[in-house]
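Submitted below is the structure of interest, expressed as structure tokens.
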Amino acid sequence: MNIFGIKLPSMSSLILWGILWEIVGRLKLTFFLPPLSEVFSTLMQIGTTKVFLKALTETGYAFFAGTFIAIAVGIPVGILMGKSRLIDELLLPWVNMFLSAPLTALVPVMMVLFGFGMKAIVLTTTLFAIWIIVLNSRAGVMHINRSLVEMAHSFGASPMDAFSKVYFWAALPEILSGVRIGFIRAVKGVIIGQLLISIVGFGALFELYSGQFLMKHFWAVLLVLFGISFTIAEFLAHLQRKVAYYATQR
Amino acid sequence: MMRYRSYLITFLSICIVFGAWEIAGRIPVSYAFPTFTETIAAFWALLIKGTLFVAYFETLKPLVVGVLISAFVGIGIGLAIGLSRMSDWLLSPIFVVMQTAPLAALIPLLIMIYGIGLTSKVAVVLIMAMPVIVLNTGSAVSNTPASMVEMARSFQGSKRDIIFKIILPAASPIIFAGLRLGVSAGFIGAVLAELKITPTGVGDIITFSRSIADYPSMYAAIMSIILLAVIFLQVLERMEILLFKGRGRGHASEE
Amino acid sequence: MSNNTCDISNDNYAVTVRNVYKSYGDVKALKDLSLDFPRGQLTSLLGPSGCGKTTLLKIIAGLLPADSGEITVNGHPVTGPGPDRAFVFQDFALLPWATVLRNVAFGLELRGVSKSEREAIAEKYIADVGLCGFENSHPHELSGGMRQRVGLARALSVDAQVMLLDEPFAAVDEQTRRKFQEDLLNLVKHENKTFIFVTHSIEEAVYVSDQVAILLPRPSRVSEIIKPEGFRHKDADSIRRDPEYLDIVDRIWSSLRTYVE
């Protein structure tokens, strides 16, 4: 987008939307949308409160624990599926099923099995993130350029060497892309988990603020949440672009 | 032989999973973990009594309305984004943020604004399904092969011709795939709405049977909604393959 | 090319292929194929697509097993890939995440040669193929022709007696390809190695080869062996105008044209 010959950065229109928000807020058109500036000043106030920091650390803990399990289990399972046809045929239907299933419906199962607490939220996060990681790791291993495999073979690579020096790296871009999408899904999972279980983290905070009609507080927390998830997604996309040069020439 | 083998292994795989479920339920691993046969029996009971049909009529209402609105509005906005650089600059960032953000967090706000009725539930489905439809339509339209557009222009095709005879048909596989992902996200939204806002439909069966510790019915209801979603999405995917045969199916991007 | 004509034994041949059969399911790829590859010379495998020339090369490389028959390299039967052969791939098969230096040294790395030693050897071959100064570049920063020079340097650096080249110039542009062909002639002259070269270009085969084996398809067999010897001593520029060169190209075309669909 160019205006008067100046190229505008791609996300810059958000500033315009922010200004619009401020104006609508100032006009007091609706109770539900306080001016953006007031939301920010509220954010500054609550940003250091104990309640907020507790919610942040609890959510962060659930998020990282959940994605850690998803990665630690998902990547090896995906690689195994890519390497062994039998394992692939046994697992693929289930992976595909869970990939497109409305996993929200399983949150109540998590609740009754693991209690109304952190454990259930962590596992909900894992449940949201793991399937795409498995599927992409599998695809990464299956799409390794045939001639790279032959090259390693023709120079007499041992199976260990071939795996650690060639196969793993060749599959890495696709594995990373799975991890990236997995992270984005995990953010959604952790919030859905907290909303439904709603006694820890941001879920509890949303309940508190919306129950007392504290709109500025509510929007402040929402902005933090959106900001964090967008930053995570952009950071991972940046990492992936760094290795993209070799993903294109497989 | 190959075909036969793959069916056999799928069957084997299903047996292993359901068998493991049955054994885990018999041990039992948890008081809240019914066996597979108990769950199937409960499913059958829900089916016979007609409870399930009544429930799905309720559940599918916000889903269908929400997905239809998302489809019309989403494809419209997507077209604008793909065709005009101004609207791309203005609108894309909002949907990109929506796509990565955990929009479920908006539900308490939606309840405050629209109450606990159908409107709120439709709104949940909308915010879940819309971004993926908009973004896929937008990228499909702006990625129309340049040579095809140039071909139409060299034959003096009008702007209207180019949009309706070149760009839309060329973009349709990806738009359709985006719609499928939208439906998938819509299912998540519909279930979330029923569990979070007010228990109706399948969400009601889940919540109610959990409160009276009727775990087989709870598991049966959950299994039924997952099955319904998966089967419906499978049908959409088959349709996609059939419709766009030989065109290379669209690579819709989810996130 | 008559430096060791006095030798009468099999030592004349670096690679021998005897009665090799290979099928993929019901498709017979190679049928009773026998062929000898003279030591220190370049032999081309030429034929229309689907004639099994790459299959034969991969069998010699030990990348594919033959159904029956015997392949020997320096008198030893082939059971798999070995240090006596080095393969150059049509799509280069470079590691996109590694530098030129590591790519060239990769064959030695897999053989457990120490880092300093293998990098010294790699440096030499990088210079030999004319890529001085690109040691720390990555493949995506190089042109197609330069990438294949990396592939060639990697194959040369393991110092195998037999070089197997699978349509190595197919993915580079025409001018680069001509330069490659001239360089290959020099390489054959100066490196004391046996080259087996798969191509589908008649001109290329006649231009670079001491011996051209013409393979006909379905199932594959050697239909003819041509030794373009008359112009071998000429310099690179005048070969393409040599009447014998042109005659051989014409002759091969007339025998192959019926197989082109």
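Letters are used for the chains, namely A, B and C, taken in the order the chains are written, and counting of residues starts over at 1 for each.
In this text, contacts are C-beta pairs under 8 Å (C-beta built on N, C-alpha and C of every residue); 3 or more make two chains touch, one makes a residue touch a chain.
This structure is a prediction, so every number in the text was calculated from the model and none was measured.
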{"item": "Chain closest to the middle [Cα centroid of all protein chains]", "value": "A"}
{"item": "Most widely separated chain from chain B, with each centre as the mean of CA atoms", "value": "C"}
{"item": "Top chain pair, ranked by number of contacting C-beta pairs", "value": "A-B"}
{"item": "Rounded Å distance, chain A centre to chain B centre (Cα mean)", "value": "18"}
{"item": "Whole-Å separation of chain centres (CA-atom averages), chain B against chain C", "value": "53"}
{"item": "CA centroid of chain A to CA centroid of chain C, Å", "value": "49"}
{"item": "Chain A-touching residues of chain C, taken from the complex the two chains share", "value": "58, 61-63, 81-83, 85-87, 89-93, 95-97, 106-107, 109-111, 138-140, 158"}
{"item": "In the complex with chain A, residue positions of chain B that touch it", "value": "6, 9-10, 12-14, 16-17, 30, 32-33, 85-86, 88-94, 96-97, 100-109, 111-113, 184, 187-188, 190-192, 195-196, 202, 206-207, 210, 215, 218-219, 222, 225-226, 229-230, 233, 254-255"}
{"item": "Residues of chain A defined as touching chain B within the complex", "value": "1, 8, 10-14, 16-17, 32, 86, 89-91, 93-94, 97, 100-109, 111-113, 132, 180-181, 184-185, 187-188, 190-192, 195-196, 202, 206-207, 209-210, 213, 218, 221-222, 225-226, 229-230, 232-233"}
{"item": "Chain C partner contacts - residues on chain A that touch it in the complex", "value": "145, 147-148, 150-158, 161, 165-166, 169-170, 172, 243, 245-246, 248-250"}
